[in-house]
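Both of the next two complexes hold chain A, though its partner changes from chain B to chain C.
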Partner chain A sequence: MILLRLISWPYARKHLLRSILTTAGIVLGVALFVGMHTANRSVLGAFNRTVDRIAGSTELQVSAGESGFDEEILERVQAQPEVRIAVPVIEAPVETGLKGQGNLLILAVDMTGDRGLRNYDFEGDDVIDDPLVFLAQPDSLIVSREFADRNGLRLQSKLSMSTMNGPRRFTIRGLMKTGGLASAFGGNLAIMDIYAAQQVFGRGRKFDRIDLAVKEGVTVEQCRAALEKLLGPGFEVGPPGSRGSQFESIVKVFSISSAMSSAFALFIGLFIIYNSFSIAVTERRKEIGILRALGATRGRIRNLFLSEGAAAGIFGSLAGLAAGVLIAKGLSRYVSGLLVDIYSVGERSDEITIDPGLLAWAFAIGVATSVLASFLPARSAARVDPVQALQKGRLQVLSAGENRIRRWLAVTLVAICAACLTLGGSRPVFYVGFFSVIVASLLFTPSLSLWMARALRPALQWMRPIEGALAADSLIQAPRRTSATVTALMMSLAMVIAFNGLAVASYDSIVEWLDSTFNPDLFVNTNRTLGARSFHFPAVIGEQLSAIDGIQTVQGVRTLRVTFRGTPILLVSADLRGIARHTVNPRAVAGDYREMHRLAGEGKGAVVAENLAMLHKLGLGSEVEIASPGGVLRLPVVGVLRDFSDQLGTIFIDTSVYLKYWNDDTVDIFRVYLKKSASAEIVKGRIQERFAGERRLFVLMNTEIKDYVIRLTDQWFAMTHVQTAVAVLVAILGIVNTLTVSIGDRRREIGVLRAVGALNAQVRHTIWMEALAVAFIGLVLGMLLGAVNLYYQLDIVQRDISGLVVAYRFPFMASLWLVPVMLASAFLAALWPGEAAVRSSLVEALEYE
Partner chain B sequence: MKCARAKPGLLSSYLIDIAGVSKQFQGKRTVTALDSVTLRIERGDMVSIVGPSGSGKSTLLNLIGGLDRPSSGEIRIDGQAIAALSDDDLTRLRRDKIGFIFQFFNLLPSLNCIENVSLPLHLKGWPRKKVRERARQLLEMVQLGHRVDHLPDELSGGERQRVAIARALVFDAPILLADEPTGNLDSATGAEILGLIHDLHRNLGATIVIVTHDADVARSCIRTIALRDAKVVSDERRL
Partner chain C sequence: MSRAIWLLFLGSLVAAAQDARALVEEAQKRGVSKSQRYEGVLEVADSGGKVTAKRWVSERLGAWGSSKTILRFTAPAEVKGVALLVLNHPDRSSDQWMWTPAIGRDRRIAMQDRSTRFFGTDFSFEDLEERDVDQSDFKLAGEDAVDGAACWKIEVRPKATRSSQYNRGFIWIRKDNYAAAQVESYVKDRLARRLNYRRIEKVQNVWTARLLEMEDLRRKSKTVMKLEKLEYDIPLKEDDFTVAALRRER
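== the complex of A and B ==
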């Protein structure tokens, strides 16, 4: 501890900027880790809070998934002796249309009974003293005081909303005090009469769920068992909190992606710390030599540097935690937006959920990473020869040296990886192969850097005989010094390439899928986006659409989330035979395309998406079992298709089957094919004119739908931009560090160069060329490892994340872009070290050691 | 014999003209390494600078060589005042007019003999072919024609110093500055290197300034300047 105060602290203070750079890697890693996980947890936390606040004293909820259920179910539940009170609920997020307000959660209830479960805490008693007054006016809305204040609304203010019966103006007839129920959904909550909501959302005579409380003397479990027996497997009966677990499994796919990004950032941070500590050891050789001469043991020196690593880890982690919380604030809005668009589950997460356990875990990871990264430099420091360190004219280049054992170990691991690829099959074998190839590449990097530097020397020398040769020689002389940065660059680029490769491959597959199946001329939807499913069309709209001039075929599609083997997947019901007839270049993963649609169309089977088949090990003939309000639907799998509708999987059934089991003839989207002579623009106008003021309806052109899907994919892969930014940051930090060590190691060499006539520009050139050479080597190795990494990442996505199968395609364009980006980053990184080299004292350099 | 001292500031025909030069190093405590030193070195002279450690001899050599700048006073090299020169102009002056020979040779370990000698030529932008010819010629002159492709690590101390001398001569610089050229060599090799330096003085007419602790080396020079406590305390010329 005394050495830390006497030796380390003055050094850190003297090199403040570098000390900050050293911890930057850990700050970045911890910040991303905390930011991404906190954002996900905040969205999940906000969802649970909303569920909790809306639940009031609800003990159990009855639902039948997204489809809802008939009104008569309510009477059956209310009649159950274990139930004290049961009230119907419709709950749906809608766009407010108010700038910056996003969605408003409509909680539609039956006011006559609902107050027995929920405390509305109204301001004044003027509204609900007589619930019948509220009910008698179907345009009534009660909003939270918070929402009203934000939007300048008062009692009797009008609020326009687009309903299934066209645009309607609602009147604010009540305000809820801030807090409790009113603060659900970030305060963006409105209460509506449930029978009015059925009209507004096109729910027919259906409710979304029933909230209930059990009778005194009856346990919740007893009541639950009785209701499950009464309603059958198509209904879910559970406490309000269980809704969170479904939401959690939807968020999970996104969480995995976030976890990978933050782990990657931390991993890169490890190399940055390693490099920075290598600098410290190089610069402080003399100091170490003196300490050793004065009696400090090797162990003491090693512990001193490990303690410095721990200190850097502690400061870096603390800063990372703070930065992570800030990142989480921005990111949680993005995550909630993404979840609304992709999964149609919305949540406003204005407040973030800080989990002390997560913070403690992130802190521990940050410190451990830092200590681990300082281990090798600490060992080098312990090995400093005091005689050489103190001897004038002797230079002990600590970062020099190569290890044959490492190379052999790398070769062995490559052999293991090849064996794993040959054996294939099981998950452990696959991951052993992946792990082996990554570790092998890490072990090989010093040798590969060395060989590449040697190969580059003639080219660099040809460009600039002295500056080029010295730049290459600097890399050749100290492969370990270079290899830390090259490794960091290689790893980050390998991740960037893998992510970009995933994106490119996904885009290609998605475009192919869109071209094949999304070929109707127009799509008529209840929302501007495909994901939102708050509103439903009555079936009659289909007939009305068919009657419009220019329309040849109309196909109604109903999509809803159902639980399959504990996972919320997408169920799509449509006229499958009709869809098959219009599919361009039909291709099936398993089964005959036409035949599977014929069988499914006759209600003799279900078609499943390839990712569902992958994740749940389904094949032709496997039985899928889905609980519905009309009983358990069991169908054999008659075909498997490549489909990207949902990351958790999709099952396609015929409309007739859906109608039978769900007793629901509503439609989410109409696929409209036009007559050959008809113009899409003109027909779109006709549809809008036909339903103007009468129906909530959006007509989207084929290109708009495709653009929407591509935009969603863009959002999903927005993380690749973060990865690229991290890679650039790594390049800059790593190269600045490497060059600083290099200049330290080559102080005398640079001094000699200047003494014998090198102009300042020529000295700068040698530093710049070294930086560019490091970046070039990192680029080449990063692309090679990226190509391998992409192969494994595609397999990981397929095996363990979404089951989506996408073809391998190396991202050539992204890789080409990386070349100028990384070289420019290297050049930027070399500017400051270049100046440092030029401005250093020539006399001191020549007398160095 | 005492040498005449010129008045500071006068333009002279002396190759090295130092007038009232002081050098202070700033730190927690200011250290004066040279205190108002004035001296002139004629073209073709061979001067040794002697004095105890810390007397300022290396500082004086660094200032003459343009490796450092004085805190006050004026230095002229071949009539050109170096104070007003930019970094790059000073480098050009150093490259064209001054050759350095260091105690620790200061060869670049990654470059072979011919590349080390070629270094200043490349830096000046000579054509590659001409560079190689000139470097080879110089290596042959210092009797290392058979070692052109060897790395410094593969050479003896004396051979390394020969390479360093060859490098110092690439531009036929009129001034050769040597900082303890024999300090890192055994006595036989030291004598050999000293002999080579004398040959260069004789045959090329170079002006040579040697900083040394070695009394034999100092005695072998025509003129010896002694420094003590940052001042010139004696300046003797042997006939």
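== the complex of A and C ==
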């Protein structure tokens, strides 16, 4: 502790900027870790809070997935002796058109019985202006007072909303006080009569779910068992909290991506710290020598440096925690928006959920990373020989032996990696291979940096004979300093390239899929986006569309989320034979394209998406089993297709099968093919005119749908921009750090140069060239490692995240962009050190001489 | 409906002494009619003094405990056409359906939570049920005067086999005509509702209250129900008391 105060603290104060830059890596890593995880947890927490608040005193919920179920199920549940009270529910988010308010969650209930489960009125006041009018008028709404106040609404105010029958004005006939139920969905909650909601959302005579409480003396488990027996496997009976676990599995895909980003940032932070501490050990050799000469043991020296690492970790982690909480708010909005757009589930996440456990974990990771990064420099410091340390001379040279060992280790790891690739197969073998190649690249970096710096010397000398040679020599003579920065840059760029490569490959595959299967001229949808499924068309709309002049074929598609082997996947029902007829360049991953659609069309099988097959190990002939309200649907897999509809997987069945098992003839989207002579614009106008004011529908042109899918993909891959930003930040941090130390190291050398007549411009150019050379080496090695990393990342996505198979495509454009970006970053990073070099005191620099 | 409410309170309480039960049975017997029709006015005053009024036509067919009733709201305009069908059963809760013309569909009202207020009035759904005397125990609690009329005060407790929001209550039966004068209902031994029967008149030989005042003492609100154009034993058809008939707007 005394050494820390007397030795380390003055050193940190003297090199304040470097100390800040060193901890910046930890700040960044911890901030990303906390920010991303807090954002994900906030979105999940908001969803769970809404479920909890809406549930009231509900003990069990009965549902049959997104399709809902017939009304008669309610009476069967109500008649069950174990049930005290059972009420029907329809829940759907709708757009209000109110600026900045987002969606309004409609909770449609039967108010004649629902108050036994949910508390609508607070402090004894009436929540509804007139309950009979509320039930008698289908335009009745109860909103939270918070929502009403935000939008200047009062009792009897009108609120416009889209319904299946076009836009309609609703009347606010009740206000709920803030708190409890009213605060669900961020206060954007409205209560509607369930029978009115059936019409508004086109649900027919169906309910989404039943909320119930058990009779006194009966346990929840007894009631659950009785209901499961009564209703069969097509129905899910569980506590309200189980809805959260389904949402969680959807958020999981995003969480994995977030975890990778933060781990990547921390990994780079580790190299920044390692670099700084290595430099500090070198700089303080003399000081260490004196301490050792005065009797300090090796252990005390090692502990001193480890303590410095811990201190940097503590400060960096604390700052990272604060920054993480700050960025979590913005990120949570982004995540919830993404989930709404892609999965049609989501939650207004205005408040963030801070988990003390997560903060403690992040703090521990930050400190551990910092201590780990300082371990090697600390060991090196402990090994300093006091006699040698007090002698003059260069100390940065890597011993030939040290380099040889590293290279041999690297070669061994490459061999292991090659063996793993050859063996293939299992997950452990795959990850051992991946780990080996990454560690091998880390071990090779010092040698490669040195060789490349030597190779660059003639080129740099050619550009600027004196400055170029000096810059190259500086890099060659301080390989430890150079290689640590290059390693950080290389890792950072390798990650950026992998993410960009993933994006490029995904885009290409998605565009190919869109061109092949999304070829109808028009899409008629109940919702503005493809993911939202609050509203459904009655089947009769299909016939009405067919009658419109210019339309040749209409195909109805119903999509819903169902549970398959515990995962909420997408079920698509459509006229599969019809779709097969219109597919351009049909390609199947397994099975014959036409034959699989014929069999599925006859109800003899199901077609599954490649990612589902991959994640659940399905092949031709495997049986898929889906619980439906009409019983358990069991079909053999008759084909596997490359499909990007859902990251958790998709099963395609024919409409006739869906109708039989789900007893639901509603449609979410109509695929419309036009006659050859018809114009899409004109027919779009005709459809809108035909249903104007009568039906809620959105007519989208083929290009609009494709643009929408691409936009969603853009949103998904927006994270790659964050990666690039982190890479640039790392480059700047690393290079500023390296150059600051480099100038400190070469203070006397620069002083002599200036004393013998070197111009300030020449000194600046030397520093700039050194920075550009580091960036260049980092770029080359980063691209090489990036190419390898991309291969593994594609496999990880396929194996462990979404099962989506995308072809390997190196992101040449993104890589080309990285060259000027990284060189410019390096140049910017070198500006201040360059100025510092020319502005330093010549007298102080030559004091020794 | 007035008789239904009277009987419902009667039925919702429990008895012990045979003479008290006999008094209640006699009161029931004197109120018997084959059918009933009236036009009702319902005024609900909340704790702030705001009054909302509704009108309806009520028709009832059948004997006590297994009668069938249809209420059709006639005013105000927002609720016009809304109809309620109540099928009473002597041994269990009534079945109720509601017709809402604006949506064009009927709904079954689940009677699981019978303590729910009846469409914003101070009556609960349980208060609308007709219950047989066998479902309660009665005990004479003394004699009392209500609005100057001498009454028997009878304590009523629901039998253990019957679920009720009330744990006990009192009914006052006038000695001069065996008409109910007042009912008090207790939830967890706390007085929750008080129903007063006013303007008791003899209509076609049946003593009937033409004005009922229901007070919710917890909410401090009051519902006043007036019975106009009251008739007994009018010809009504069974077919008019079905769910299909409920949908036929008149």
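In this section, the second predicted complex is superposed on the first by the 803 of 849 C-alpha atoms of A that agree within 3 Å, B and C clash if a C-alpha of one lies under 4 Å from a C-alpha of the other, contacts with A are read in each partner's own complex, and residues count from 1 in each chain.
The rule we apply is simple: a contact is a pair of C-beta atoms (placed from the backbone, for glycine too) under 8 Å apart; a residue touches a chain by one contact, two chains touch by 3 or more.
Computed from a predicted model, the values in this text were never measured in an experiment.
Applying the stated contact rule after C-alpha superposition, one finds that A:477 touches chain B and leaves chain C untouched.
Of the two partner chains placed by the overlay, only chain C lies in contact with A:85; chain B stays clear of it.
Of the two partner chains placed by superposition, A:218 touches none, neither chain B nor chain C.
Touch criterion met: A:136 reaches chain C, while chain B stays clear of it. When both complexes are overlaid on chain A, the residue A:749 reaches chain B alone and has no touch with chain C.
When the shared chain is aligned, chain B comes close enough to touch A:759, but chain C does not.
Judged by the touch definition given at the top, the superposed model places A:263 against neither chain B nor chain C.
Shared contact residues of chain A with chain B and chain C: none. Looking at the complex, you find that chain B touches chain A at residues 58, 62, 65, 67-68, 87-88, 91-92, 94-96, 100, 102-104, 106-111, 115, 118-120, 122-124, 128, 131, 167, 184.
The touching residues of chain C, when paired with chain A in their complex, are 46, 52, 54, 73, 78-79, 81-82, 98, 100-103, 105, 107-110, 112-113, 115-117, 119-120, 125, 218-219.
Contact residues on chain A toward chain B in their complex (touch as defined above): 393, 465-466, 469-470, 473-474, 476-477, 748-749, 751-762, 838, 841-843, 846-847. On the side of chain A, the complex with chain C involves touching residues 74-75, 78, 83-87, 110, 112-113, 115-116, 124, 126, 128, 130-133, 135-138, 193, 195-196, 199.
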